[in-house]
Structure formats: C-alpha cells, structure tokens
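Each of the two complexes below includes subunit A, the first together with subunit B, the second together with subunit C.
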Partner chain A sequence: MKAFEYVGATSVDQAVKALTPGSAPLAGGTDLINRMKDYVTSPERVVYLNDVKELAGISGDAASGVTILAGTRLAEILASEVVKSAYPALWQTTSEVATPQIRNMASLGGNLFQHPRCWYYRSGFGLVPKTTDGKHMLREGDNRYAAIFMTDGDALYVHPSSLAVPLIALGAKATLVGPEGERTVEVEELYKVPTSNSESPFATKPGEILKSVTIPASKGKNASYEARHKQAHDWPLVMASVNLTFSGETVSDARVVVYGVAPVPWRSKAAEEAIKDKVITVESARSAGEAAAAGAKPLSMNGFKVSMLKTVITRALCTSAGNKYWEA
Partner chain B sequence: MKIQMNVNGQERILDVPPLRRLIDILREDMGLVAAKIGCGEGECGACNVLVDGEAVSACLIPAVQIDGCRIVTLEGLATSNDDALAALHGAFLEHDASQCGACIPGIVMTCRGMFDDLRNRRPSEAEVRGLLAGHLCRCTGYEAIVRGILKWLEMKSEP
Partner chain C sequence: MTQADRNEPRRRNASKLFYGTEPFVDDLPAQGDWHGGTVRSRIAHGRLIRLKFSPEFDWSQVVVVTAADIPGKNLVVCHEEDQPSLCDGTIRHYGEPLALIAAPDGELLHKALRAVEPVVEPLPAVFDPFESLKGETRIFGKDNLFLEIPISKGHAAKQFASCDVVVETNHFTPAQEHAYLETQGMRATLEGNGVRIEGSMQCPYYLVAGVARLLGIPETDVRVSAMQTGGGFGGKEDFPTMLAGHAALLARKCGRPVRMIYSRSEDMAATTKRHPAWIRRKTGLSRAGQFLAMELDVVLDGGAYATLSPFVLSRAALHAVGPYRCDHVSICARAVATNHPPNGGFRGFGCPQVHFATETHIEACAEKLGVDPVELRRMNLMKPGDAMPFGQLLGPGTYPGVVLDEALHRSRFEERRAEIEAKNRTSERRTDSGDFEKRGIGLAMFMHGTGLNAYWEKSVRSRVRLAATAEGQVCVLTAQAEFGQGTLTALAKIAAESIGLADSDILIDHPDTALVPDSGPTVASRTVSIVGSLIHEAASRLRQHIEERAGLAAIYDPRRLKAAIASCVSGGDSMVFEAEYSPTDDTDDANTWAPPNAYPAYALGCCVAEVKIDTLTGEIGVVDVHMICDAGAVVCHRLATNQVFGGAVQGIGWALTEKLAWNESGGMRNASLSDYAIPSAADVPEIHAHFLDDQHSERYRYPIGLGELPMEGPGPAIANAVAMATGRRPRRLPISPEWIVCSQGPEES
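This part shows the complex of A and B:
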C-alpha cells in the first residue's frame, strides 16, 4: 500500500476537520484495508474513528424508533434485543454478513459505505470499467454477478451493502455530519449512480461522515430473505427486504427493496403496488415477485437473477406472514 | 507510531508504522507464529487472535487499532493452564480434527473466544457450523472439527 498520513480522532469534530479531500475514514477496516493493500484506494490521509466514543451505541425502543450510531459493530447490532424483535429484516441480514470475526470488527457505517465487489473495480478498472478501445468490461465480459436493472446505463455493478436494503425498507434516515454541520437524509439518498470513473457512488458531500441511522417505530411486519451461493462468508446474490403495514388482514402500505440487482439498493415500486390491498398468501406474494421482474434487463450471463428476484420477494413476503412454505 | 499493548499478559511498547498489520507485529516483531497468514483478506480465519476477548482477523487489524488493547494468541492460551483449552485439545485429538493443522490455531481461538457464550447454552450442530463460518480448512476436514467441538461442549456442560 502507498504511504499516507495518519490521524487518530477522538471526537466527531476532530474527525470532520481531519477529513480533507484525499482522506479516508477508517473504522473496522475490513473493506478499506483490503482496498489499500490492492491499490484500489490510496488515501493521502487515514482518519481513525474507532476511538470516537460518541459514534458507538444503540438507543431507543420499538415504540419510538431506534438510533444506531455509525461506529456500532455488527456484532453489537446482533446482540440488540430490540433490533431482533422489532426489526427482524435488519437482524436477519446482519446475521448473514461475512463471518463472526468480521462482524466483531465491521461497523454499520463501514457496511453502508463499503465499495462495490465488482471484480473489474477491485482489479483497478474503476466502477465504469472500459477497455482502451471503449468496450465495457462488464457488458462484454464476465457479468454473472452484475445488475439486471438500470443496465441501459454504464454502471453495471451491484450495490454491495446488504444492510442498506432492510434499512431503506424500514424507512430509516441517516444523519451525516460534515464541515457545514449535520443533515439528515433518507438512507437511499446516500447513494448515486456514477456515469464515469471520476464520479463517486456516494451522494455525501466532501468531508462528511455518517453519524447515525434512525429507524422509525415498527408498525407492521418486516422480513428479509437471501439467495446466496455460500451459506456464509459471502455477499448475497439477490436479497429482498419487505416492510408492511396492515389494515386488518390486508396490506395498506408496502416497501419492497432488493439487493444484488442494480448499482443502488433497488426499490421495487411494482412489487409494492402489486401487494398493496392484498392479504399475504403464497399466491399474492408470487404475483408481487412476478411484477418486480417486469422491466428487468439482464446482461449476457445473469438471467438467473431474474428468477431469484421473484423468489426472494415471494419468500420475504411469506416470511413476514410467518409462512416459510419452502421449509415444510 | 508508538503503541502500547498487552500481549499474552505482558505489557509491550512497540514503535511501528501505523498500518502495520497485527499479524506481522505478532509473527515478525514478536516471534509469535501460532497465528498464520492465510489469505490476508479476512476470509480464512487462520490469523485469528483475541483482541479484548473477541476473535478477530489479525491480518485486517492495523497497529493503530490495537493501541491499549489486550491481545491473546494461541501461545498465550497454551501457557495459561486453561481447563477449557485442555478439554478442547482432548476433543480434537479424539476426533482427529487436525490434519495439516494450518487452520486449527484460528479455530481454537474462535472456540475459546466464544467459550463463555457457548458454556451457557448447548448450541446445535448448525450453530457450531455458523460459528466456524469464518474459517477455511483446506484439508476440508470440517466434519471432524465440528464433531470435536460438539464433543468439547458436551464435556463442558457436564457438572
């Protein structure tokens, strides 16, 4: 890795002041350190955040909402009774991130701001990887894990943060802190789609870091379902998180967000519309999955993700209703 | 930068580059070679050590993160007259859990790190496999390792 300047921050204020252009914040280090070793990211300055005590912890309850500070370890999120009982969509997804050792190290903020796993990106060709004669490496090359939505554009990688998906489904808000002070945005507003290698996949302003994520009170049912190659130690192939509120037995409001299909967490408005005003049954859940797949444009090697998309939405909806029919 | 840490019960002060990996500090600067360098990316678990009691991958931990921490390596366990470790050793021997042995130090650290939690409940085989999710055994000897750990936990839950 390239030489860099090191700053150990002990307060948010110090961290923000130290994060000048060309700097990278370091918390758990499970993504940044690997990127630095591979020369994918070569910051001039590294600002260490783990000693910032005001950035770690979970507070609140299911009735008023829960705030998770950005430096909180994933293992601490898993140990939270309120997360487990009120936000199973988030708990389940957290329990499937990487490995126990990584979850002891990795932070919520680091998960949300990890860089994509696209192998062309990780090999140094950028988020919009092109050959010298202008061919798109993912479109023309091995794109088995790439996006199936937004594929008319040039960002064909998939968004890497699995925790962003349940958080968006749950309507969570992110509080950022930077040189101009604090601001609060929807979690989905943390991300954008780059059109060239000089653009960032994050919609944060220079010098901003994540301070906390606040999940609103849990009013209905929520669940996640993942399809993956390996039981552990890997990112999901495709995953869906659903958050439903009910009027009697019927769904009055639905959020359906999908991982692994687009360069941002993919909100499926089509699936949300399809399940609204319905009772959750295997049939209605399947219809929502079918609706979500309309408009998908897979690349040459990832058509399988369209079937997975339908399945994970169906199963996430059925899980929220307590019907794990596939395990019977 | 100067860092201070407690390694296997001894206070140490070292002057190291801020991003020198813990695994290199242990193996090269201190001669503690039980933790292995496998993948170097936090995938294989061969470099597992306990930092403040939690199992973590020493290949991903820069020096800055361990300033003021308590580190325990397998060498530290082996000299600490540890009944739980002796029982795990016995169970692994009985089930031939170690083949080439490269993954075993890391697995022992994970088991020892989780011991207090495991002692209070009898985890299922599936949970034990989940516990081992951060370890790769390239001899693919997982069955014997899982059987060894289940046997160890059986011994520990007896009065």
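This part shows the complex of A and C:
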C-alpha cells in the first residue's frame, strides 16, 4: 500500500474541505482498503467519514418516504423495521450482501460507490482493459461474469453495487454535497459508462460525496430476487428488483432493474412495458422476463446470464405480488 | 462410550492461538528487518535479455539480487534439478522470479519493484499438455515429459474383446488453490557463518538442503525454525524451499534480516496449485457386472518445472483403479510440462483426480448395464488378499465393503434415493415448463495409501528422538510442523500414552533443525502414522530403560515413572532415545514410482452427498454430507473430525465453486479471494463424520494417515448427485451454475 495522508473528519463541511484532488473518502473500508493494498487505487489522502455524526442514521416512514444517510451501515439498514416492511426489495438485497462482518462495516455510501469487481480492473488493467495491440482483454478473454447488455461499447464489466438496483427500482434520489453545495439527483444518475481508462464510472463532480439517499413513499409492491454462485461472501450473479404500482389487480406502473448484466444497474424498459396493464401471474411475469432478454448480446462465455435474467425477473415479479413463482 | 466423549487432550497451543500470542512469521519483532520482494515475469515463455533499471529510481536505497549473485547452485532443490531459483536466461512461466529486491520499507520496495522492467524476447508458449507432448515448444528435456509411469497387469488389450460391455469416458479435474489462511512467509537472518530461516512451512529439512545448495554452504550452517504455520495443504511442502532461498540471498547481500511475506494476490498468482488432470477410463464388464479389463490414461499438467509432479503422478497411478478388483489392467500415467506456473503438492496428491474419474465412470458403467451403481461397486470391491494392479495385496482387515455398508446405513442412502426419485417426479416447485427444483444423492468410495511410497519412505530414513529432563518430563523431538492440523497435540498424545506419562509431562514445540532430528516431511498423511509409530518405538526403549533401572512397578504409575525418569537423569544417564524408520520388507530399489508394496496400509473412505439444484438459476446447494472414514486407530477424535470437516469443505469447493481462470500468459487471472470462490459457511451443510475404529481387529491398533483422505470423496459424490438431479453427468469440475443453466456453458467447451 502506498503511504497516504489521513484526515479524520467530524463534520460534512470538514470532509468536503479535506477532499482535495487526489483524495478519497473512506467509510467502512471494505472496498477501498483492498484496492489500496493491491495498488489499484492509491490516494494521496484518505478522509475518514465514519466519525461524521451527520452522516449516520435512518429517518422517515413508509407514508412519507425514508432517508438513509450515507454513513449508515448495511447492518443498520437490516435492523430498520420500516425498510423491512415497506421496502422489502432493499431489505432482501441488503441481507444477501457479503457476510455479517462485512455488513457491520460497510456503509450505504461505500456500497453505492464501490468499484467494479472485474478481474482485469482489479489486476490493474483499468475498466476498459486493452492489450498494447488494442485487443479488448475482457471481450477476448474470460468474460463469464461480464455484461450481456451494452456490449457494443467498450465497458464490459458489470456494475458491482447490488443496493443500487432496488434503490433505482424504488425511484430513490441521492443527495450529494461538494465544494459547490448540495444537489439532488436520481440514484441512476450517479453512474456513467466510461469509454476509456481515464474516465470515471461515477457522474459525481470533483470533491463531491454522497450525503443521503431518499426513497419516496411506498405505494405499491416491491421485491428482489437474486441468483448466486456462493450463498455468502460473494456478489450475486444476476439479480432483479421490481417496484410495481397497481390499479386494482393490474399493474399501472412498473420499474424493473437488473444487476449483473451491464456496466450500470440495468433498467429494463422492455420488461416494464411488458408487465404494464397486466395482472401478475407466472405467465405474465415470464413474458416480462422474455421481453427483458430480447436485446441481450452476450459475450463468448456468458450466454447463461440470459436465461438467468429471465428467471430472476420472473421470480422478482411473482414475489412482489405475493405469488409463488412455482405452481402448487 | 461415544466417539465424542472420549477424554481427549486439549489442542496444545489452543489458548495461545486464541489470544493471538502464538507468533506467525510476520509477527516476529522487526530487528532492522528489510522487506524482500520478487521481480516476476509477465510472459509465459521467452528469453530474458536483461533487466532495465529505471534511472529515475535511486537504486542506492535498496539491494538487488539476480542469478549472478547466487554463490552456490542456482537451483530449487527438489527431485529433478530443473528449476532455477532465479531466472537463468530462459523464462518458462508467468510469475517466474527474475530478480529479488530488499528495501527498508514496504512502500520503497514496491516502488523499486515497479522501476524494473524485464527486457524479454517472447517464445511461443504451450498451455495444453497434449499440445506440449507434440514437442514443438521445448520446456523440459527432449519431450516435455516429466515422467511416465506404465502399470500393467494381465492382458487388458486382449481381454476387451471378450467383454459383454465396454464403457469409455473422459474426465477433467481442474487446478485448485490451497487458500491457506496465512500466505507464504519467510525470514532470513545471518547467523555465524551461515543463515537462520524462520517461517511458514511443512518440511524444515527441505529448506536446510535447499538453502545450503543455493548458498554453497554446508547444511550444518543452515538452521531452520518452523513457526506456527497458518495452513499448508501441501502448498507449503515444496514452495518454501524457494522462498527461504530468496530471503537468504537477500539477507546475505544486504547484511541484515530480510522478511518476505507474500500478499494474497502474489501468493495466489505465484505459488503451486493442484495438478489439473485429464483422465480417460475404459472398462470392460461381464453382463453380470464384473470388471474384466481396464485401460486408463492419466495426464497431469505439471506446469513449467517438475517440482513434486513425479510424486503426485506416482500416487495417482497407484490409486488409479480405486478400491476395485480387476485382473487385466493397463495404466499409462504421464506428467507433462507446460508453460503454466508449476503445480505441486496438494492434499490428496493425485488421488482426488483419479477417484473422481473412477467413481463417476462406475456410474456410467452401471447405467450402461442397467444395474444399481451401488451393487456394481459392491460386486467389484477388493477384499484383503486381492492384488492391486502393481502387485500389492490388500492388507488384512482392509474391507472397503464394510465402509460402503456403513455409509449406506448411516446416510440411509437407499431410502433417501427412493424418496428423492419420487420427489423429483412430482416436484412441488414446478412451472409449466417443468420442474426446476431437483434433488440428487450420490456416493463415492476412495482410498489413500499412507506415507510416501515405500521407496521414498525408505530413502528418507526418518529419525525421532525423545529426551528426558531433570524434572522427569520428556521432550518429543521431530521435524513435524504444526499448521493447524494438530501435529503437536497428536504426537504428544502418542508419546504420553506410549511412555505412560501424563499429557502435561510431554514437551513438544515447533521444530527447529538445530534441535530436532530429520523425521521427514510433514506430508503424505505420514505424521501420526509413520512418525507416530517411531515415537512409539522410541518410547518403548525409554520404558525398557526405566524398567531395567527402577523395576517393572515404576513404569505402571505415571507419577512413579516421572520420578524414575528424573532420577535417571540426575544419576547421569543420557536418557535420549531414538528410533529410525526401517522398512518392514525389502523394497525393489529399481522401482521408484510403483514399488510392489507401495504403502504400508491404506485408509478407506466413502462419501454420500445430497444436493438441491435450481435448474433455472443453476444454483447448486449441498444439503447433506456423510463421510465414513476407516483410517485405523483414531488418535484424537476431535482433531480427526476437524480433518474430515476441513477436507470435505475443500472437496465441496473443488467440486462446485473453485474455478481458476487463466490469463493470456497462463497465470492465474482471479488471484484474489473475492474472485476465486472458496465455499463460505453458508455453502456447507452439516457434515456427518464417522470413523470405523473401535473394532477388535489388528487394523485398528495403529493409526493410518487421515489428513488427505477426506478431500477425496466429495468431488465425485457431488458429481454423482448432480447427475441424478439433472440427468446429465458432469465430466468436469467445478460444476457451475453456468453448466446447469445451459449445456453450452463454458464448462462444456
């Protein structure tokens, strides 16, 4: 690990001031420290956020919406009754992240700003890993865990945060604070797709940190479903979060977001369209899954993700409506 | 008395480990230590023209060692003399050490490592052993063949013609990372005319020989102290010889202690793995199911240097047929050089690979014949007196059939199989496209010869020593390392029981070659069996001595015995007793790799595994595992049970989650524990361990090695369970969700 300067911030203001170019905010450290150890990220200065009291806690209720401050640990999200009852999509996903020890350390902010797990990125080849003769290492190499959407581009890794997926499905907004003050954006807008190694995968401005995430009032039904290789201590292979509003029995509005298939949390407009104005049944859910798969362009080794994608969407939809995704 | 409530000694260093006061190598106080690191190759094959040292870096701050600085022989001492300690001009694998650097701190070391650029001329590399055998790219000798072991009994080729049914299958088993908790680490200090090595290792005397050759100094000038070691699994058998040599070279050049502690990613990328194996198995059977003829090809990818490949190959060849009888067998086993980093020792040592092939092949045979695979096994299992293909007769009391029956009984195998069959037919969890939750139950037999094979066990000439103290306590002096398996506890218990003293009156510590005799490496499940029996022998000498001095009565009471020992010591008796391994029968010295009486005894096992599969997401859950082990007398039940749990988990990982991905240069792509997936607690079911050990037969009077055995069953048992669940037989490990979800997944290609 490269030597760095350490600043322990106790207020947001202090933190923002300390975050000069070349600095990185440090929360639970479960992602950042590992990258520093492997020299993937070598900040000159690290600004510790965990002692900033204004950054921890959950407030609000199902009727008016809930705000989770960026420093809130995943374990605290799990302990929240309102998250559990009103936003099961988020609760379920949080409960499956990593391990209890990691959830005790990891923060919401760190989760949303963790860096991709792509092997090539983690071995120092950047997010758009190419050989000196221009070959794309992920396109040509071992791409079993890579993207199946947006694969015409050069960012082929998958977005690592599983919490971003239910938050986007729930229509959450992120409040950022930086040298120019505060601003609020959709969680979806935190991310962008880099086209070269010099670009960031985050759409934040220099010196900005996440202050909080606000989830709007819970109206319809929401759920997540994930498929995993390992049942703990690992990221999902593919996951879907859905958020549905109903008029009577039929879906009046749907959000379907998928993990593990694109360099950003993948909003499947096709699945949303397909389920709109339908009653949720295993059949309608499956058609939505089929619709989602339509535009997929898998790479040489990850065709299996296409069928997983259909399955997780089907099951997330059925689960949200309280239906069994299997037949009795 | 149940197995659990036997009165067992506590693990020797348990509280020190618990409180963190037992030092591992990196816990040693820094006494002006410098940090050592390795400049490594990024290509698989080529010539090293020179090393370019960046002029921007101030090289006066660090010390650099290249092959030219080696005072002795540039060699990692092992069986073949093919592996240089530092690149001698030809690079043969990714990650090969080209030079060493020591710096006063880690950050400077890292900068220095980045400021060296190897200038290389790449050569074509070969990663496929079958390509390699064509010999177009030269890696080792004339033909890239490290070793070929042919074993033949009867006339297999002729016999096939008269068989009713012939079944042929191909199998592949992958590389596996040891994933020991503590990465490789070594510290070298100059001491007198020589060097002192402290570190993480399994075989202290290997390091003595290796460092002495490398530095060109007598072995007596090399002192090696094994520290508490955080896991080995065979990965700290051969590799530490290289690392100790590197640390010693740096210490010598910079004149101060040097420690080299690998990071996890360096450890995973640079150290040995389990040998990937390609196995073709052909069996001819009678209509009734008798094995009449067998043909087996075993090909191991040895990587760029031989390291332990010949030994792994030997064990694979000797166990290739498993615990089955067949009169006409032809085995061709080959270890082949490729430009992958060298593969080396790993728990099981060739057995997991061949047992996977055998136990999944038998199921294919049963399917072809339309008989129950359990019955097919039972019909062909060996009994005492039956001959193995290389000539050894299965020893008295060795009944694989009893192990099978015990496993069937304890796991309720047949009932469960019937229940699962019925359930799979009418699964609750179905969609209109069909069932998606399927279960399966599978079984596998396995066996493991104890110790090194007879030829090598004889050549080691292991010696142990017992030395009494003035207080009447006894020190046990062996070279056996403690790396979590409980060596110190088990050997002390054997000494206490054999001498007749209380466990607390036995002194034993991590081996230091200045103090202990060479009792051989801590490998091959030989510690409790072979070294334990030597301790027993030395203990009898001690007892006999006391009996002569103090009379028979003195040896029956621990307190009187202790007093008698103390009085012998104060009376001036040397009270040092040794025992040396002597083979029980003449081994054929010409037959190094397949000696007729290969192993003194065989441990046996049977694993039953039940799986639950979601055929749409591909998730495979192991829901139940039974491990029945027959390893002779069990010395410490708790430690033995832990061995079974650990081995089973490692077997589950090998079967399901541990997928090693290679980069373009044949190195490990996913060299981190977030990307190389070892099973977590959530992926492992309750494991039921049972030992056959309380019978009255001679076999259960002495321990037979147990350390490796449990790793060997879960792979094939899980594969057989998956086959029942999905109707598709996995021929390759690991069995991944991709393979379940679509048959065109990467595993099939």
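A few notes on this one:
The criterion applied here is as follows: the second predicted complex is superposed on the first by the 324 of 328 C-alpha atoms of A that agree within 3 Å, B and C clash if a C-alpha of one lies under 4 Å from a C-alpha of the other, contacts with A are read in each partner's own complex, and residues count from 1 in each chain.
The rule is simple: a residue touches a chain if its C-beta (ideal position, glycine included) is under 8 Å from a C-beta of that chain, and two chains touch if they have at least 3 such contacts.
All values reported here derive from a predicted model rather than from experimental measurement.
Under the clash rule set out above, the superposition-derived model of subunit A with subunit B and subunit C contains a clash between the two partners.
When both complexes are overlaid on chain A, the residue A:W119 reaches subunit C alone and has no touch with subunit B.
Look at A:M1: by the touch rule set out above, it reaches both subunit B and subunit C. Contacts of A:L237 after superposition on the shared chain: subunit C is touched, whereas subunit B is not.
Between subunit B and subunit C, the partner in contact with more residues of subunit A is C. In the superposition on chain A, contact is made by A:N50 with subunit B only, not with subunit C.
Within the superposed three-chain model, A:G29 lies in touch with subunit B and out of touch with subunit C [touch as defined at top].
Residue contacts after overlaying the shared chain place A:G303 against subunit C, while subunit B stays out of touching range.
By the document's definition of touching, of the two partners only subunit B reaches A:I102; subunit C does not.
Residues 1, 34, 37, 99, 231-233 of subunit A are contacted both by subunit B in one complex and by subunit C in the other. Those residues of subunit A lying in contact with subunit C across their complex are 1-3, 34, 37-39, 99, 117, 119, 122-123, 131, 137, 141-142, 144, 227-234, 237, 282-283, 286, 301-304, 307-308, 311-312, 325-328. Only residues 1, 18-19, 40-43, 45, 48, 54-57, 60-62, 64-65, 110, 114, 129-131, 133-135 of subunit B touch subunit A when the two sit together in their complex. For subunit A in complex with subunit B, the touching residues are 1, 4, 6, 8, 26, 29-30, 33-34, 36-37, 46, 48, 50, 75, 98-102, 104-105, 231-233. In the complex of the two chains, the subunit C residues touching subunit A come out as 106-107, 110, 263, 265, 428-432, 436-437, 614, 616-619, 621, 657, 661-664, 669-672, 674-675, 677, 679-683, 736-738, 741-742, 744-746.
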